[in-house]
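Residue numbering begins at 1 within each chain, and the chains themselves are lettered A, B, C and D in the order written.
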Amino acid sequence: MLSDEERHQGRAFKPENQIIEVISENSKVLIYIDEHRKFLVKPHMKRRLETDRGIIDLENIIGKKYGDYVETTLGVKAYLLKPMLSDFIEKFRRVTQVIYPKDLAFIVFKSGVSSGSIVVEAGTGSGVLTAALAYYVKPSGRVYTYEVRKEFIAIARSNIKMAGLENYVVFKNKNIESGIDEKNVDAVFYDLPTPWKLIDVAYDALKKSGVLAVFIPTMEQLLKTISALREHKGFINIEAYDIMLRRYKTIPGEVRPMTWAVSHTGYMVFARKILI
Amino acid sequence: MLSDEERHQGRAFKPENQIIEVISENSKVLIYIDEHRKFLVKPHMKRRLETDRGIIDLENIIGKKYGDYVETTLGVKAYLLKPMLSDFIEKFRRVTQVIYPKDLAFIVFKSGVSSGSIVVEAGTGSGVLTAALAYYVKPSGRVYTYEVRKEFIAIARSNIKMAGLENYVVFKNKNIESGIDEKNVDAVFYDLPTPWKLIDVAYDALKKSGVLAVFIPTMEQLLKTISALREHKGFINIEAYDIMLRRYKTIPGEVRPMTWAVSHTGYMVFARKILI
Amino acid sequence: MLSDEERHQGRAFKPENQIIEVISENSKVLIYIDEHRKFLVKPHMKRRLETDRGIIDLENIIGKKYGDYVETTLGVKAYLLKPMLSDFIEKFRRVTQVIYPKDLAFIVFKSGVSSGSIVVEAGTGSGVLTAALAYYVKPSGRVYTYEVRKEFIAIARSNIKMAGLENYVVFKNKNIESGIDEKNVDAVFYDLPTPWKLIDVAYDALKKSGVLAVFIPTMEQLLKTISALREHKGFINIEAYDIMLRRYKTIPGEVRPMTWAVSHTGYMVFARKILI
Amino acid sequence: MLSDEERHQGRAFKPENQIIEVISENSKVLIYIDEHRKFLVKPHMKRRLETDRGIIDLENIIGKKYGDYVETTLGVKAYLLKPMLSDFIEKFRRVTQVIYPKDLAFIVFKSGVSSGSIVVEAGTGSGVLTAALAYYVKPSGRVYTYEVRKEFIAIARSNIKMAGLENYVVFKNKNIESGIDEKNVDAVFYDLPTPWKLIDVAYDALKKSGVLAVFIPTMEQLLKTISALREHKGFINIEAYDIMLRRYKTIPGEVRPMTWAVSHTGYMVFARKILI
């Protein structure tokens, strides 16, 4: 354990950490004009960005720093932000119903995943949960993600690459019903229609005390999943949740929850493997 | 970028990862009898655990593996789980109102924190948010946490140590009103009564495009924080949320949301630093 | 007090209550094809109803009974339901943001309104709350509703007439800031932008122990209303609420909360008048 | 239809409506000291009310008016409020899990019940829903309530009497499985364990286009009820809901949702009878 003194000399004070991140041809940039005008760009891939607030010549953002701004041809300020995981996910190409941040965050937290974790996921879908898992297991961990539909893998792969997480994900074009190749994994994540048929498959792949996390939209699926887990006997600490997120308008004088909200995406079930 | 082939040979298959974790004198163990009987122990610190389901001689769990079980003197099975962040937090000694997992998870997600992040927090309080942050910035990141009350630091420090996260946290017995020593940090977290007075302090410490995250319980605090952020002009993408979590009973035939729930702990505000 | 025996002979058994309601030229009918195809009609006002499930000749529904059905020209069953308050409100012409059933129901309940109550409302807006109040105070009660904009009164009046509640409502094209004509009323309802400026006005009109109910969308309005009530000293039992309603899909095998929901329409405040 | 002029002469202006309600020996009074000290009393039944804020000699409240106050022996103001339905329900003796106001209000609203309605309920339980129904059908309507357990009827009867609603309720110590005596009723309400077995019973009692309302706590019950309604074919417009109510602290400077809330009591299902 470091002494506070040692830690006090920690990274934040070493010049090499004072890196001022300069935007290059290959940098990913979130161009932020306002809440409704956010654009994810890579200078070398696009010449100009056309918006209803004016045009931005992307040549001009090269050499700028994150947090700086440029002006559009209409003189509107456009801020150059460093994209976060949530920005990338927002811009993912979606071919399936996806899991929302409110649930992604809770699934990651309850599954105990962190840097170095080895996890398995099925199905990959659009790669939203894949990206969240990869983001938290990096750099030394891995996400093994199973998907039967080749076309989904292609889309998820390009989404993951866009988020810069491709080094932490292994895509597998396999049906998980025939088993999980990886063993002794820290956690297994199911986002598929019939998780209750795959409890054994997860059990075999998990390390003891490892976590199974299941995401399902309907009550029927929730009841079947809970029953299957209880009958299997190989899991304890079986918990189920759902989350409602309220987003507030942040204009002084008008602060209130947004009128409409996503009221439901799915139920989450968590359980831990024990020795049978 | 690794080829899938290379990654396919990834960690999960190397023997050194097949470590079977054996419980030693110094292991932390979550002894799980049922939802209402979970005990966090360290064999060398305790001789015997007495419960209303019987006694467990902790000598007997040494040499067992996580996921195994022992029987109490009354013949009840007690499972030996590897504690997760959420288990530690549940057992933290609390001297302040703390942030709940539903909010911790979302705060971590929305702030973009991950392995390697350098972050600042104030106040430390019982160390619950500190622990969550340390858990996700490890191993190469750091959490610098400010707290004026020495006695809170002592408690938070022992909580953090219990969770095995002491190498990633720097405790500072300072009033953050006099400024943040660290500069160019990835994110700043405020869990204190008057965040609206400390917008400048956060602005100076944050790297450009970095995130300020604020947690406050009341509407008055929310409105003042939003107004201060708008007036400061140094932040954009100002978002506010609160989360409702529903936990479900997981006994087949009785599945329903728990009757009572924590309906509110606080509002969360997020904003990103820009060049003024 | 009646004996159970007397009551046992109660209305439900007298033939005059066995009235089989026959649909006439002037009956209001909710033509129900499915959840997305509900039409409120009055035979003598319309010749034919054209839908994407076929045409209905409204002549043909005269003489039918509520609960019966007719077939469209495409052979689809169209059920003839007796419209309820909630059906009428759903079909009201809306010129303002309206209060939703989840809130209407709670406002009525908490204000203690029932058959015979004399209540005052401002502003009338589209007449949704007006209708709900009229529905519960009928037949002997009255709703006095104040509205400054003549055009809104016209619309509300036609909405109220459509719902058959015109005998229980008195429309007043007056600015309530200049006072409430009625005195000793059972309850006062405010659905207007600055209720905190009108606490005195409500106080003067209310009978002692009467209820003031306020509906406001934003946090700023909620805080100002609460403060004004506390400072006025003429009200106690000050309570504030908001309601989230989850609607579930009712197709077996697909039961789940609807994905999107109205997350917020407004906050409700209730208080009771006392002697100062 | 009355002219506005006629209505303008309406009740609120006639002296007989200016009745100043004087508290008599038999009046029911809600003695309100603060949110946590509310007492429902009837002067002739009690000599003195002892509270931790002092004693009140109930003789002294006779002759006072609602909204007035008396002082306790410790000089604390105690306000004399006219009890509302919600006050009575709060003080009901409870022998069963009861339905909460948030749900009572919505059930009444969605069922279309109002003054004059003839409705049937099973089971009576503690009489909370019975009271809400009686309150809205009065004076000319009736609630026929079925309950198999004699002891519950006795308790519900005394609760209903306390609320002054005994003239509008017929108690029946019968098992509803053997059928509903009343026919052509406006609505049927089920608050019992196996409503899906009683769809036919409700169908036979309801008038066409009448409403069946079901309240059940668990998901399994909700799914069975929905399936039974779909299979029966005699009901359309099948809707299911649940409601979350947030109560806010109303102390200026501390306004926020209460930390703990009743997160779930039950699911509500509504359907309308059609001709089969």
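Note that a residue touches a chain if its C-beta (ideal position, glycine included) is under 8 Å from a C-beta of that chain, and two chains touch if they have at least 3 such contacts.
Quick caveat, the model's predicted, so the values are computed rather than measured.
Enquirer: With one step meaning two chains touch, work out the least steps from subunit A to subunit C.
Expert: 1
Enquirer: When contacts are scored as defined above, which chain pair ends up with more C-beta pairs, B-C or C-D?
Expert: Most contacts of the two pairs: C-D.
Enquirer: If you average the Cα atoms of subunit B and of subunit D to get two centres, how far apart are those centres in Å?
Expert: 44
Enquirer: So how far apart, in whole Å, are subunit B and subunit C when each is placed at the average of its C-alpha atoms?
Expert: 47
Enquirer: Counting only Cα atoms for the centres, state how far subunit C is from subunit D in Å.
Expert: 19
Enquirer: Scan subunit D for residues touching two or more other chains and write them down.
Expert: Residue numbers touching two or more other chains: 219-220, 222-223, 244, 246, 255.
Enquirer: Per the contact definition, I'd like the list of subunit A residues that touch subunit D in the complex.
Expert: 219-220, 222-223, 244
Enquirer: In the complex formed with subunit A, which residues of subunit C make contact?
Expert: 217-220, 244, 246, 253-265
Enquirer: Could you please specify the touching residues of subunit C with respect to subunit D in the complex?
Expert: 1-2, 4, 7-8, 10-13, 17-18, 21, 32, 35, 65-69, 79-82, 84-86, 101-102, 104-106, 108-110, 112, 114-115, 118, 132, 135-136, 138-142, 144, 166-167, 169-171, 182-185, 207-209, 211, 222-223, 226-227, 229-230, 236-248, 250, 252, 255, 267, 269, 272-275
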